[in-house]
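Got some structures for you, see below.
Both complexes below contain subunit A, partnered by subunit B and then by subunit C.
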Partner chain A sequence: MTRSLAGQAALIALAAVVAVIFPHLVNNYWLSVGITALFYAIVAASWALLVGYAGQFSFGQMAFVSMGAYTSGMLAKYYDVPIPLGIATGVVLCAITGCVIGYVCLRMRGPYLALFTVAFSEVLRIILVSEAEVTGGNGGLQIPSLFRGRSDLPYYYLGLVLLGGSLALMGWLVRSRWGLFFRAIRENEEAAAAAGVKVVRFRLLAFAIAAMFAGLAGGFFGHYVGILTPDIGSVDQMGLVVAMAVIGGPESLIAASIGAILVEFLLEALRAYEQWRLVLFALVLLLTVRFARNGLLALGADSVMRVFRRRDAATPARTA
Partner chain B sequence: MLDYLLSQLLNGLVIGVIYAVIAAGLTIIFSILKIVNFAHGEVFMAGGYFSYFAIALLGLPALMGIPAAMLLCFLMSLLIERTLLTPLYSPKTERKGDYGVLATFGVSILLRNLALLVFGSYPLRPPSFWSGSLIVGAIYLTWDRVFAAGFGVLLLALLVWFMYRTPWGEALNAVGQSRESASIVGIDSTRFYRLAFGLGGALAGAAGALVGPIYSLSPSMGLAPDTQAFAIVILGGMGSVPGAIIAGLLIGLCENMFVAFFPDPSRALTYAQAFSLVVLMIVLLVRPTGFFGRRHMAME
Partner chain C sequence: MQPLIEARGLCKRFGGILAVDHLALSVQQGELVGLIGPNGSGKTTTINMLTGHLSPSAGEILLRGERSEGAAPSSFAARRVGRTFQITQLFSRMTVLENMLVPGLARPHSHRAEATRQARAHLEFLGLAKLEGLQAKNLSGGQQKLLELGRALMLDPEILFLDEPFAGVNPFLRDEIIGLIQKLHAEGRTFVIVDHDIEAIQRLVKRLVVMARGAKIADGAVEDVSHDPEVLRAYAGV
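This part shows the complex of A and B:
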């Protein structure tokens, strides 16, 4: 146990060192890919929290991203609200909306919830397209940037802090009693209720918390890109996040965010193949869903562990 | 104004029939496999392209595009079912509903991007089934629309006959009502899952072939009908073919009336896309079992 803990600590430290020196090893293009990857990693982790831990199958995460981004963007553009305050407002709005969605969906399960959240995201997207005088419509909305300088470095480090903070918070949450309640609800709602879990309260909480992190990621990314289009909340974007989280492993926050980072970098590295890469990722997604529902990373980690265990078991036999 | 309303009404009916064909296919899949099929709209899109290429490449007459699309969509659905949906029949699979959503959602992404790659993003327009238009007084309706509605009605009539008057249809219904009881009376349920998924796909393909000459074909044309069909399926009571037909006509009509009466015409068209989505959300909230009963069809 202590050995695996030490191993984990070493891995986290290694990842942190790589993440911190990454911007100094690459050009501006890959730095911006890195920032995008951090954004998707937060969203994928929040989806994993809602779907993988609490078992609430939602396709609404990208709608919350766009809600966070548009709220903060429009506050900053039209009312000169300081950007951090705007992002915070977006996060609060997402939490409230998440609560409302969680509340009205209390009677729905699994596929119905998926349908409802798809409909919700599409309605939000259509409103953003239609009310073009305020939102810019499909032409996009120019919004102020978070940092003044030309460099992308501050965004990268802020994204890294946000991702680290989000993962730490969500990780602490799922390891707490609340996390236990989430998983109990996922496995069997009636049994959880019978055991004294306040099912209503924790379903709402799961929605609200996941929506908050999505809104936070949206606000950050919106002010980095500087132009918002309704397409952030499209079904295709949600599909990308689902693919990222599922390929990584939807039942682990870290695996989902690593999945997001890997997929984003691979998508950029394979840019020369244009449309083929999306076909490729859809295929990988289907294979993962079909043969490794806990994600490719989990599958890989499992087989590595098995090899180690076999070696551990073999060594004493030889000495005896 | 009256003429405008009347032609909107007729157009609404035509679209309603097409919606009904798509939704009838979806409702069969929904009631028998107990999954929400997120790839249905993409099979509809594929049907449109299959018909186009059957006509353009093989030189078939325009009318033969429809059976060609139905056959190819049937085969494609069988392929999807064999490769991806078999875990739904295994007791070892956990949370089957979620599995169905993920698998069909993945198929929809795959098909959409494959279509972009193979067919390109430029809209294609298949040849007319029947050129010219029907003009009565001030009312104007292209013959293509009339034909699509007529053919759709024919398909729906055939489907209702098949579902209620043939042994296979009855077996499908039996499997939909209870997998176990159907097995007890000697119905091989796996075979009928396959049939249901293929049949649903063939109906979507027919609808795709029918709308080809009316609108044009594009890889993303399946996105909107997908959610519209869900709205219809749930409004009509899950698994009820007659319910899906009535609800399909209703949604088609209301959508066109919505466009006609919406105060701001520039926004009417974009908001029309949201119309059936809002209906879907309201039905899910207020009466998840739909308005035509069939409580036993609830998801597992």
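This part shows the complex of A and C:
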């Protein structure tokens, strides 16, 4: 095994150990921050899949979070549907809606696509506000919790499993031929089509898959919070997810997730500075966009890997 | 004998402009055809229609006798129709090998190991084997042209449409590309080549099709077409 591979394995192992023991090192408040960070990490990774890999600049990911959360929440509240089944239903609904949105947006690129998805998010949010009898409107909708008892610990470990599972699935996907086709479409749709890629099919798949993971995160987080408000799918929330993924690295699922976790913890840690923390956050974002287009973590990881590779190159090969 | 690809009454209208005007063209298996004409004569539009990148406004396209107008480019690619573009179109931030694997893995029932083996064989043939790990954007202009040709070869095409393969390449590379086309043609592949480099085209092809103002004005052996008065008037301005 080369040092660079060993380095990667060691970093992943260290991150896993820290993630597992984290709840035993912190109080309830920080545990709650951790659960929220895990939720954002799944959403940021799903956005990275859609934007970083497939090149479809969407602002609708939080709308799918909202759809997943409300679907599961309302099914559990009004029809006593078991929560896991409700979450699964939300995921399927998000996949179907993602396909429809992808189909409607087939001829849209860049800012037009982004604006369309903003409009979709707003339409969904306004419907949730307006249909208050069913959705609770701005006052919120109380929904059943996933676990009995008052401890947040089960939510944390479930969130960790969901994040790990989502990253593993999305990682497998981007390394498969589908991932290759997503990237080809991102780079040049016309050339991808000439190379035999069914561009329409794979654009729809990208929208549907990214929407599914967002819906899953929404279902999980909704039942953790226990009260749903339409603001969960707002453009502000979407902006936060975009910033998290951009700071981490939009073309890497893991970097986007870590970006989300770091930003969530930093924003909480700096809460005492009130509005100034947002100024700092905006500055970090500006510097990232200007100097590290592929995210701060990708920049840092590249530097670390360069050191490992240099050491690999400097180590004389062993002779038998 | 049934043509490999045939256009009947093919038209393409962009707003008020008739870019291709009732074009009739048939290409037999194993032919090497040059398609020339002044700028704006409709050559690239014709190729775009014959590879599914544009839908004709009217007319028919028959691929091995099967109606195909309006089919998606991926459908043409799946039926072994390859193409390159006037301005090289690569997957810039993907490696040379990944560029080759996209068409290799888009083929039905393909396997990664076999596609990788084929990709490496084509890269060897094109002289790009040592660059397989490099991002396509880091290749020189000439290497990018070769990679685009290689990507089309991954479809195992029966017919290849090359849109200006000699544009912007130095004479040495031009000769190399001519040699590669001749080798591929000798293997039985059919070519339709659009270019302004008359000398290169005349070295390569036996049949020339000339277009002007969207219509075909000549079609025949190189020596006949190059002395055709209408061609001289429309194409060379004589």
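Structure notes:
Rule of thumb we're sticking to: the second predicted complex is superposed on the first by the 301 of 320 C-alpha atoms of A that agree within 3 Å, B and C clash if a C-alpha of one lies under 4 Å from a C-alpha of the other, contacts with A are read in each partner's own complex, and residues count from 1 in each chain.
Everything below uses one rule, namely that contacts are C-beta pairs under 8 Å (C-beta built on N, C-alpha and C of every residue); 3 or more make two chains touch, one makes a residue touch a chain.
In this text the structure is predicted, and so the values were computed from the model without any measurement.
Counting residues of subunit A touched by each partner, subunit B versus subunit C, the larger count belongs to B.
Legend: residue contacts after superposition of the two complexes on their common chain; A:R183 is shown touching subunit C, with no touch to subunit B. In the superposition on chain A, contact is made by A:V235 with subunit B only, not with subunit C.
Contact with subunit C, but none with subunit B, is seen for A:A195 once the two complexes are overlaid on the shared chain. By the touch criterion stated above, A:L162 is placed in contact with neither subunit B nor subunit C.
By the touch criterion stated above, A:V174 is placed in contact with neither subunit B nor subunit C.
The interface of subunit A with subunit B does not overlap its interface with subunit C at any residue. Across the interface of their complex, subunit A is touched by residues 51-53, 72-74, 77-78, 82-83, 85, 89-94, 98, 101-103, 105-107, 112, 151-152, 154-155 of subunit C. Looking at the complex, you find that subunit A touches subunit B at residues 55, 57, 59, 104, 107-112, 114-116, 118-120, 122-123, 126-127, 129-131, 235-236, 239, 242-243, 246, 275-276, 278-279, 282-283, 285-286, 289-290, 293.
For subunit B in complex with subunit A, the residues that touch the partner chain are 35-36, 38, 83-84, 87, 95, 97-103, 105-110, 112-114, 116-117, 223, 227, 230, 234, 267, 270-271, 273-274, 277-278, 280-281, 284-285, 288, 299.
Within the complex formed with subunit C, the residues of subunit A that make contact are 177, 180-181, 183-184, 187-188, 190-200.
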